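Across the two complexes that follow, chain A remains constant while its partner is chain B and subsequently chain C.
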Partner chain A sequence: MNIVSVISHRSFLLGLLGLILVLLATLPLFRASTYTLLLLTAIFMYIVLTVSWVIFSGPTGYISLAPAAFFGVGIYTAAVLGKVLPLPVVIGIGALASFCLALLVGALTLRLRGIYFAIFTFGLVVLIQQVLLWWEIVKTHTRGRFVIVVDNTTIYYVMLVILVLLLLTAYSIRRSKYGLALQSIGEDEEAAAHTGINVTALKTITFAMSAFFVGAAGAIMATKWTYIDPYIAFNPLFSFMPVLMAIFGGMGQFFGPVLGAVIFAYLEEVLITKFPYYYMLIFGLILVIVMLYLPGGLAGLVQKWWKGGLERRNANT
Partner chain B sequence: MIETILDVVIGGLLLGGIYALIAMGLSLQYGVARVLNIAHGEFLMLGALATWSLYTVFGVNPLVSLAICGPITFIIGFILYRTVFTRLRISSGSIGAYEGSSMLASFGLLFIIQNIALLAWRSDIKGYTYLAFPVDVGGALFAANRLVTLAFAVAIGLAFYLFLARTRLGKAIRAAAQDPGTAGLVGVNINQVLALCFALGALLAGIAGALISMCYPVHGTMGLEYTIIAIIVVVLGGLGSIPGSFFGGFILGLIGSIVTSIEPGLSLAAYYVLFMVLLIVRPTGILGR
Partner chain C sequence: MRILEGKKVVKHFGGLAAVHNVDFVINQGEVVGLIGPNGAGKTTLFNLISGALSVNSGVISFKDEEISGLKPHQICRKGVARTFQSVKIFPHIPVLGNVLLGSMFGKPSGMSSAAAAREANKLLDFVGLSAVKSTPAKDLTLANQKRLEVARALATKPKLLLLDELIAGLNPTETAEAMELVKKIRGKGITIIMIEHVMKAIMSICDRIMVLHHGEKIAEGTPKEITTSKKVIEVYLGE
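Coming up: the complex of A and B.
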């Protein structure tokens, strides 16, 4: 029995996932170092951003550059309401606010052609950033805000919960008829509409659902950063990174974006303090190389290897 | 009152000249070559920083630098198109897929060019003074360098229009803009023409950067802002319409100048509001088909 046939067994995969989850959930009990917790929180955050981007943009092919807007809405919700409301409520409101913003934007713009949608969503990030900056300076006479401090273990658990909920949601969408409908929108929107799919409604709802999780992640991350201003909260990098990670990981497989996010988040952690310019340079190079030579991303590579293994096994029997 | 209005209008036109140049460049890249080049502003940044270096280190006149920066960014653009985008175009199934993948590849180029520039020039804000004496225009005072910028922008814009309208190569470019496939059938070497358009776009950005460096401070991360402005102008003027981009640039410059005179912090926001309304109401632009 070779290794491929073992790991492609369903129960093995489920067991492995369960084991990882138990390990992650009990990690803080083993007096893991603060560094480990922070690193894992950052990795979770990137997985949340990336997977929620893939929920919508993966099957439909609409490139959304709005994640930074939803993330920022979550962050500002925490900054404004964090002192008066309990944490779970703040996170819930952050998520809902992002959800509503995405509903509005989606209803307005998802009729646009693909590339216009990308520009529009990117414009949204900078528009909110600029208006907020103007508002804070002219009306409230501050530039940034302080956010209530929450201890690292709590942030870790909250992020883990958001991540698990998101993965469950993403998986069930993918396996449901809605996932199939989204896929058909990506293949041919006209044809999808003719088979009776309410194209606009489905796109808008899915877009809003992906924003929901990003908003929640923003609300909890704000408490880690303690000080925020419009440039930190609505940083366009939070729009680019999910796209980059998803493409690097490969969107054809469920695990692809997760893989891409884990690798990149770790790379960032290792490189950013020592070589900030090289780190972005490497990101750029990887993006171009993946676009040119690896359209399926890492998941595409793994799948090739996987198929090769299965064929070899079949040839042996 | 009259003087304030004149101040705002001329200020807007001066700003608009630069916008028109970069938008014409992007219009060639997106309207013809189908690359929504997010790295467009990076070519502008390269032109600006190179001009700064040439002036402060070697004492080269910035107007002479125009003739150096333009060809350099042209060559970089041509090579990039032939190495990256031609390959992507061939491997993409549809125009829509190509637009998406080429935009993402240009994101990669943005990171690459910007960070190479940050390594070479560091991230501090740079500037030099050249032709900074004031000139009286109908009662309002403007720095001479901004007037020179406007003159160059208009001259280059006109030259480009004549190139596209009157020359054989210009005709090939217009044919490729309408339908690349058919243009190829009637004997246009489509890969070369598209690469040429991309490279000409980079050339315009490089020249615009050299002009900008005469009037404003320059730094390694200045590019994205101009890319965004170029995208807005291209949509405003109508995709693929070079005259549309030219006039759109001046319109946006005027709007920016008016908004700045009322509420300085909101000019970029005003561009976006205009852009978003335009995308929803009239995505073909003012001069678009």
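Coming up: the complex of A and C.
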């Protein structure tokens, strides 16, 4: 592969991304159906959950099952503050609250490794859920709350903005020296510390940054659901989905988790509408096949095709 | 001028005294060998100096400043770098990236990525790994992985380098090359403490040798003094 083809590939990809962004940004102007907007919003949400999960867990190998906790914090922020504060402020507070929770949890628990860390983070979701439930029943005497409604187009745009900011953040971390440092932590944490990397600080801050975006996404999604309670807000599914989507898409490439989230979310939608009875079955089958035959996920497959194509082209010249 | 000093350093693992009341002084520019039978506490002592473990009691100071109690990354940034007995490289990161991490994070003040890259490339030249700089570290031979570990340690601009069994597992040619490398590092003015089992190698290169046995320092002196020390011979060969 020579330099010219690398550069042209890069500019081609950038152009493509720009085009997609313009299309997505102007879509509501073309009177897209509400269904399309809702579907895209859901897909954006899944990309946000997945990519922010990958920022931390991808390179470090610390499997976090905490996304549902951060998502729920965002949701409850919107439920509690949505009626008294303007939307952007509510989203900001939701994001910051998640960020702070992650800082705290991270500082306490990031010394746990492997399965212990996964279990702890999952415990966090259940803990917050149950404490909140107790609080709501004992103190406020209602289980759920109503969230102030925001129109679909606004939700769509807010989600798009969060998504774009997240992708920019994730990309710059990956390209920076901190991206390399995070990977070194995943490969050998002790050696990383002895190479001068402040492993505790880097892990905690990255963990918190990933929580920031999840919290923001939770705050805006809450306005779409209108009614929430602790079980809806702290649904463990939101912890598992990002992991599944990231593995499904493949974490070796930057676009892998994005691809995984898009296809996963779309597939779910299609299956649930077309095959309501068999949807889980088909879904499970597809997952099993991907796990068995595509260890690099979808991104691995795409890359194989891409490389194969290049080699063929080069062979012809 | 002394660069590293330990006073009554103690480390227990449960009831086992891995390092017990060890005093030591390392002078600037020296190459000091640390020997002793298996389980003598050599690597534990390295772990205490580099901050991988914390002392139970006693004080370790580097350039007259206490470092016992600091975290590994802080000690590294003060100028103490190390390698590991079982090589700890970053297997999936390319060789250059391994070294870059050292030059980007291992120093008290940060540097531009261009300068870091220049420096990392120079170090790869120095240890003789330039030809394989984009290879993932896991694909190197053991000898080259050890060189890489040394290059990564050097990238942090250490004043003191701890080498934990640099030549264990290497063939005679590789051993000779590794010894040459140690001499070159000493030529840069870097103080070295090395743990080694191969006596020939350690005798030829070290200015001074410390002998640990059951966590205690039983002898210290020039290579000649050590080889003729009755106590050392007893420990190694029995009475």
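Keep this in mind: the second predicted complex is superposed on the first by the 288 of 317 C-alpha atoms of A that agree within 3 Å, B and C clash if a C-alpha of one lies under 4 Å from a C-alpha of the other, contacts with A are read in each partner's own complex, and residues count from 1 in each chain.
In this text, a contact is a pair of C-beta atoms (placed from the backbone, for glycine too) under 8 Å apart; a residue touches a chain by one contact, two chains touch by 3 or more.
Worth saying up front: this structure is predicted, and the values here are computed from it rather than measured.
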Touched partner set for A:278, first chain B, second chain C, both or neither: first
Touched partner set for A:155, first chain B, second chain C, both or neither: neither
Which of chain B and chain C A:116 touches, first, second, both or neither: first
Touching partner for A:177 - first (chain B), second (chain C), both, neither: second
Residue contacts on chain A - larger count, chain B or chain C: B
Partner chain in contact with A:45 - chain B first, chain C second, else both or neither: neither
Chain C partner contacts - residues on chain A that touch it in the complex: 177, 180-181, 183-184, 187-188, 190-200
Parts of chain C lying in touch with chain A, wherever the complex brings them together: 50, 52, 71-73, 76-77, 81-82, 84, 88-93, 97, 100-102, 104-107, 113, 116, 152, 156
In the complex with chain B, residue positions of chain A that touch it: 61, 63, 108-109, 112-116, 118-120, 122-124, 126-127, 130-131, 133-134, 137-138, 236, 240, 243-244, 247, 277-278, 280-281, 283-288, 291-292, 295
Interfacial residue positions of chain B with respect to chain A in the complex: 36, 84, 87-88, 91, 96-97, 99-101, 103-105, 107-112, 114-116, 118-119, 224, 228, 231-232, 235, 263, 265-266, 268-269, 272-273, 275-276, 279-280, 283
